[in-house]
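The following block contains the structure, expressed as structure tokens.
Going in written order, the chains are labelled A, B, C and D, and every chain counts its residues from 1.
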């Protein structure tokens, strides 16, 4: 598929994700970290306008007022609207945002019809990748918005795809290796996936499958949320102040557990992988189980091995690792907006690996580094366990 | 007009206020004290359902889920959705709320077509009065919502009605009087307007007109917001923490002052009465001017005199008084939801008298007691000055 | 007693109140509204220095650094240290504060030995009255500090003086009267006790005694803190956010109720008047009892009647009234620091009348207006009930 | 020195650090993360009582009330007093804490005079190491307390020891190495210094000296605090909300810069290493300089090389590294209080290496891992720069 074909398809796909929503759903913000769907439609468009079209002196901006409202946090691109206050924006109206999208789409097609430099093409690719990230964010945010109504509401979602495996859990051993970590330069990758560098992996074992709802329920029923010894100090404070005692979308009604997914409330399926847990919860569960979370390097190494018994690595749930999100050795912090894409977040966050059922096809790879604060759990997160093996 | 005719007309009027809005505007909440217009449409409907229709065992509720979502704060009527989180409610959709309104309107008409008791009629009247209050709240909230967009937006508002008077400001003297304060029982009044009771009014003088933008600008330019001696202690703290230095909808651009009204940004008209000031600002302005605010009793007494030179008492702006909002002597706090209408707010608020350009016709009278916290200023508030006269 | 004798005695009395404390107790701050005892010693001294000694060009300040640290909130007297951060001041040391007191005492004696104007004498009187207010504040703050230790600690307090009356509770009727409210100018009074003005008192009945611990316990055991219908809206929010379910110094141990007083924990005496309740609690108790709180005018009128059956009006507990703290008609807000003494607090507070066991002798009178925010309860507060009588 | 001699000397040293303080200084808390010196005296004593003496059934606790008040955060050892409220504890009095210290010291000597197991000896060593950590915390906290007075106050500190070097700054190259990271088991080490493990170090260069005040001032004067491009996203938010624009103890007076140290305010010495900067500031300075911070592994490797030109590695200032504080591979999280010593903090913090002028002798080693949140700067922190070298 050509770059432009990818562009056209990506832009269409974003709109189609929001299509099942009612107009009201486009405007609201259910938590500080959630953005209204309308805002995502505008922001992904703004990205192309700012990074690509603005290079052309002839380009006519759809509206200079949009520069501020659809800038997420790029200080190098001027002021931006406060994230926590996106939910008060009834304006621009949805139809204006759609017109904005059309305006930019046409301009991009015209821009590239005249031929484009390699750098311009690479920015177009980045814009598409950026928009794909927002496609998953849209699912995350829509889920949170529809759940936080007076009654959890359904999104028109195709019938359930079944991500549980009936495979018996076991740990797969990996021998020590000196491996190359990071992207090899073939195809698109974000700058945080490199530089590729050598890393020594100690012997370890990795669970073939993700932790299930049934296993997690056992942790809960064993008092997991009441015993401080399983929790980091910050995690325990978070638990108490936020009054957390279960994964994000679990609800107990009449003694029975239900889980909200985009189809609505469902009886909890004990075989499905547990999801919407924070790093704090994942780490506590691991400690309760006498195991640990894998490092991001172990995960990447194991994934590249393509061990046939290793299940649910991609397109099921993002998997918390024990690795803080920091730069790889030799990482250069780019100047300008591209430096604000990944580098400025390299503190206070943890790496997740893999991808989720809601990740766009083609957006998952062994080297991909997703990241969130340790208390966040509205992403499609899950738990995979690891443990040490003796080195000899 | 019969009670039922009033009902029908009131219900239509509410919808017509929201008609110029785009669907997006119905859903958002720009400040904690502002409610989304959609919520007002539902809440005023819920009021009739709860206080009137629910008395009929045969009545079929439109949706029991709505009980919680459209209850504002009536603890005696079950749980209620948190006020600060009304802006996250994309559901119920506007069309569902409209259906809810139709459902309740039909039920009310049917209910009263069979004849109704005096008590039921009086509750219907209360419901209409309640909805009229929300009509003004709708204007207040719409103004705040449309202002707090990425750019202040216009509401389709009829051409300006001109509330400035070109009358020269002067103070009108009132001799001492032993007067009856409170409502005389003719026609509708809220329970907080009684019991009627005798009160001794000392001699005083009252300004014929409201304070103008020009006068207020002079206060600002004289350093009014920088000198603590004009301000109550709590007011000064509020000023500093909220970074307040001008009325709510004033904006300075290129050295010129503009004021947002529902038509959009307008050059500041120095002859118009200043509006959207808090009690704290009104009191500071009065002290700066060497005057004071009137008591609510002085205001009521003066209004009942119908002095021909006394201008702008009704249907211009609500006027802050120096009177804390407390019960009149002999006031009975009703039990149940009616007791929650006014009585439970009788602490920490100040009384405003008069009415505003946005107050529904027929909803203004000499004895009407509006009330807000001293820091609130999204209501249509203004300033009228008073001063003491020697008693002899 | 001459003014100077009063001065000397007042200054000694303040130090003697703090004498039983350990040096550590002088420095800590247990709540934002509580000040370290050391700070009171300095602040009352600063008051004389600023308002009196600084008029003398020859006066040598003990330390200009103290101007900021011992200014409470007088904006007209320069910057002041943040109230919430008084507890971090280990410096000046206690011995330096004592030296500061000695320095100022000597200077005052010298100042007045040369003869003084009437105005200077009246400021000296005000300074003494001010210091007497801080004597009671010292008891309030010491009580709060010693209670909020790892275990409630005792202050060396003389044997209990017995403020319970064994008198049977009853309501005393008062006929309607047109009365003069406010101070008559004989002897010292604060500016908020005037101007004296005529006020019409409707017929009412007033309880002869204060509400007892036993009565209040009955309110608690009847679910008083669990039923919103007794509470103002703001009160209910306060209750829930602060998790309040009993008076301030009550503790339940092993099913038994104890009350902390300055002697330490004591078994709750059901005959004693309930104390350390907020206005919110007093008003809720009154509503639960089918009564109301008196207005400050009713209280003053009844007190001036000197009805022999009316008990516990003075030197027992401050009594919450239903009257918001506002200026009397004709009140002039003084400019400079004297205007900051009382006037700038005339919003958001309620009036208490009477005095407490910890009020200095001579500091109680019928017209005295104490005031606190409706949620405060570390003062020595109590409840007296009233009710309406038919006017005929 | 025998274990017991170390114990006796450590206990004496702690008291001698606090000796220059006035009694008032022992009780106050200037920030949430600062503890009153009195509390440190009690807490370090409690540690020996809980972890050692309580094993002996015959031991008589000095006061069971102290268990709660001197527990810092050990959930496995019962309840603990809230850290933010340590400053309200006037009780226990200092003399009671000293008696507590004497009581425990005697009991320990008696305990060990009878002979002790290896495990008991190792806990005694841990207790001494723990107390040495609190000796440095005492300096940190005393500095913060004395600075945050109405005027920065002096602590009786010996004449300045001169930590500036007049060495010209340069970068020292280190070739790539596969090295062993972590403690080798000879002598005392904390559990977070192991397990020792192999790590590949890429070629890099490390600055011979710490960044100076002069260099940091240049960063400030070049607008370092005003340009977002040097800062992590979280750092920028911190900067703005805390209004940070200089290192913690810098003050500008009359156009001149001063720095508070324990002797009082000093003119800023441009040759001295900059101190009391947060990780956020250290990282921003590094990015401004076109360099980076070293990893903790680079630092440890370089330190073990004992390169003669490498200055100021120990006993000058703790040096921020770019390494998040996480467990080394194979780390076992101990159960009980020992697991709460280090392991439960292994998230959201950054590693510092080296030691400071205020670190007790013998408490510095190549493998020592200190850690703080990225916004903290009341520790004796400094900046050492690093940069990449090409791998070939």
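Just so we're on the same page, contacts are C-beta pairs under 8 Å (C-beta built on N, C-alpha and C of every residue); 3 or more make two chains touch, one makes a residue touch a chain.
Everything numeric here is computed off the predicted structure, so don't read it as measured data.
Common neighbours of chain C and chain D (chains touching each): not present. Chain C has its Cα centroid 36 Å from the Cα centroid of chain B. Chain A and chain B have Cα centroids separated by 46 Å.
Here the CA centre of chain B is 58 Å from the CA centre of chain D. Contacting chain pairs in the structure are A-B, A-D, B-C, C-D. Residues of chain B touching chain A in their complex: 22-30, 38, 65-66, 68-69, 81, 87-94, 145-146, 148-151, 153. On the chain C side of its complex with chain B, the touching residues are 73, 75-76, 178, 197-200, 202, 228-229, 231-236, 279-280, 283, 287, 322-324, 326-327, 329-330, 333, 335, 339-340, 344-348, 350, 374, 388.
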